[in-house]
Amino acid sequence: MKKTKTRNKRAHNPQATGLMSPNGTRFAEAAVCLAEIGKGFHARGWVLGTSGNFSAVISREPLRLAITSTGLDEQFLEMDEAANVVRGDGRPSAEALLHLAIVRGVDAGAVLHTHSVWSTILSGSHAAQGGIALEGYEMLKGLEGVRTHKHREWLPILENSQDMIELGEHVSKTLRESPGIHGFLLREHGLYTWGTGLQEAKRHVEILEFLMEVLVRSGAAQSA
Amino acid sequence: MKKTKTRNKRAHNPQATGLMSPNGTRFAEAAVCLAEIGKGFHARGWVLGTSGNFSAVISREPLRLAITSTGLDEQFLEMDEAANVVRGDGRPSAEALLHLAIVRGVDAGAVLHTHSVWSTILSGSHAAQGGIALEGYEMLKGLEGVRTHKHREWLPILENSQDMIELGEHVSKTLRESPGIHGFLLREHGLYTWGTGLQEAKRHVEILEFLMEVLVRSGAAQSA
Amino acid sequence: MKKTKTRNKRAHNPQATGLMSPNGTRFAEAAVCLAEIGKGFHARGWVLGTSGNFSAVISREPLRLAITSTGLDEQFLEMDEAANVVRGDGRPSAEALLHLAIVRGVDAGAVLHTHSVWSTILSGSHAAQGGIALEGYEMLKGLEGVRTHKHREWLPILENSQDMIELGEHVSKTLRESPGIHGFLLREHGLYTWGTGLQEAKRHVEILEFLMEVLVRSGAAQSA
Amino acid sequence: MKKTKTRNKRAHNPQATGLMSPNGTRFAEAAVCLAEIGKGFHARGWVLGTSGNFSAVISREPLRLAITSTGLDEQFLEMDEAANVVRGDGRPSAEALLHLAIVRGVDAGAVLHTHSVWSTILSGSHAAQGGIALEGYEMLKGLEGVRTHKHREWLPILENSQDMIELGEHVSKTLRESPGIHGFLLREHGLYTWGTGLQEAKRHVEILEFLMEVLVRSGAAQSA
């Protein structure tokens, strides 16, 4: 009787039926963390209307990412280095190519895209300058590798586009030409930032969103 | 003894006594979703003071809507195409006729009315222009059928009124004359938006509220 | 054995030992509701730093109020018509005399005092005018007895004072001279509003706080 | 068998192995309270990006503080009067010397550092004046020892620095020269405040953050 029970259990348990390869486990863990992060961002109004997308590298060789399913902020699938789905249903977020460009360009382990009121306003008001300079703020020290508030962080603004191949190349070019940046904005679209892991990437979101809020509330958008 | 218990249970269980017709089930499910959506909107300050009202179509032939009970944001009743109550106690929200006008005018499956600080300000500051143009924002792509941030969304502003028959006709006229819109404002009153289902309507609320917040924080209300 | 257990239970149960008179029950119910309302207001930032105080009438003859204990937003005691404590420990909130003046002046069943950023700003910027006029907003219809957005609501501003006897008389005078008002402000201090019961009073807080937020965000404080 | 189980349990239970000295208990209790306070502040956006740090005195002779572990807002360790770790893993927050300077300078029992948008803006806009005057606000009465809204609170602004020894001396000097203050700002960095215990310190955070928000929303940062 006990044995039968166990067998039944196995039949409904992906782990027991061998589905849980190391990648499978990493995917499942990443999906839980990504969903948790997305829920917190949604509560803060940073990814309203399914406007955010999030990814985490779960394998380097071959490259595999857990990434937001298109139009579903809290559902994830696994994709390969060509944005083909290898686990889960649906299509990856339209911005999948940008995530791949970032993972390759800066060797990131996680990429987070938020779409806040602050980044929407500033990326519009400062588009002509090509970016926003953040300087003198203690909060900058939370960015990986930054040691003093005297640091000057450049947050490039890229023209928005619906051509993801073109935009992905633009992202790659920006990452090559501006080494050391921690994020960039797409015009009237939002923020991309990253980290070696999800916690670092999440910290970068909080810091950059905070500093953009400071700028808007200081009147920077009006005087740009 | 066991049987008696079961019978007693049935007596208090609408499902067991046959009350749960297909419409009854759909009504119950819609009421749960509407309450959940309302609770989230209330937390964001979008429907303070029982100022919101929400509906979902649960049958087309004959037309039946689950709709907010007047003055009670989290209680719902079922009404027919003439706003008569066919299930539940109380009266439907005073704006029931607007919900019916929208359901008929654009074949919506759900209608949501929020009453935020942002829509109150903008519908006052832009009343003379008759509406607000939203253009260039990536967030627009979350509106059903929109494919590019270059889309120009027109958000008409209707004069507010306590005469719901007159206002309902005004809404019908607006929907006929501005095909393709995803919502409209009542002056110093708030936003109406809709969708084929509740999730789409909720997404439209988040997107339009977000874009109105962007406009107010960008100084649009002052420069109108 | 079972009997002993029951007896022990009773010994620790105020209800079983006769402490729960009708007033005791009403006090306990009011305290739960007041705490719930206070918690929600605190989350919205309307009563930071134990700056709010709340009361509910639990008996008219003789007059008894459940009211916030001084310095403890979520603890309550029962006081009589002279602000003497008749149940619970501690002292009633310093503003107890204002609650009593309101309960007597407008026959209110509940009085809520919030202390938001919005009321602090507006009561300072508009002090010279003696009050704030709210007109044209649909949200006004949520105030008891108001039927149209064309209603003009006058929100008087009283000079702040630490002399509660003097301030209580000022409140009584204001209520006599401005019949029909739904609340008033103390200068750079906050909002007092009320209702026949707690739900109505809570709705009035949400509506008046909302409208003050609209005014500040519209630039009213700068142009006063 | 049962005995073995108990012994195993003990081996992993600090309480059973005698680790729970009076200090150990006080540390554990302080850590729970500090974590709870930090979580609430994070929800309000006052300590984004692990930018906050919190401490509570758990013993005076010898001096022992529970304090935030560097980079981990919700993890705590115990340190002595020279900022050496005496319990827990990791290093204390880089600002440990400031906490010690405050505990010694004003005999505080708890020190809280928040890093809000409001304090970041105001400490920048008012740096040239050397501080911010808060006067006329009822909310001031929530500061320990303040009896009237007519009180004038001076909130000094110190130049930010990464040299914690220098900054600690600057803090000590400020506390000597401005007796009676309840907090100070570090330029474009944030607020430090304190109390005889954690609840008082938390109340001071809420009050000072509230008043800074009032100033920014009143336009004080633009007119400084």
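Chains here go by letter, A, B, C and D, matching the order in which they are written, and residues are numbered from 1 within each.
Convention: contacts are C-beta pairs under 8 Å (C-beta built on N, C-alpha and C of every residue); 3 or more make two chains touch, one makes a residue touch a chain.
Just so we're clear, the structure is a prediction, and the values are computed from it rather than from any experiment.
S.K.: Figure out the least number of contact steps between chain A and chain C, where 1 means they touch directly.
M.R.: Steps on the shortest route: 2.
S.K.: Specify the angle of rotation obtained when superposing chain A on chain B by their C-alpha atoms, rounded to a multiple of 5 degrees.
M.R.: Nearest-5 rotation angle for the superposition: 90 degrees.
S.K.: How many angstrom lie between the centres of chain B and chain C, each centre taken as the mean Cα position?
M.R.: About 32 Å separates the centre of chain B from that of chain C.
S.K.: I'd like the Å distance between the centres of chain B and chain D, where a centre is the mean of that chain's Cα atoms.
M.R.: Distance between chain centres: 45 Å.
S.K.: Residue numbers in chain A touching 2 or more other chains?
M.R.: none
S.K.: Which part of chain A faces chain B closely enough to touch in the complex?
M.R.: Residue list for chain A touching chain B: 45, 48-51, 115, 117, 120-121, 124-125, 160, 162, 186, 188-190, 216, 221-222.
S.K.: Considering only the defined contacts, which chain C positions touch chain B in the complex?
M.R.: So the residues of chain C touching chain B come out as 44, 136-139, 142, 147-149, 203-204, 206-207, 209-210, 213-214, 217-219.
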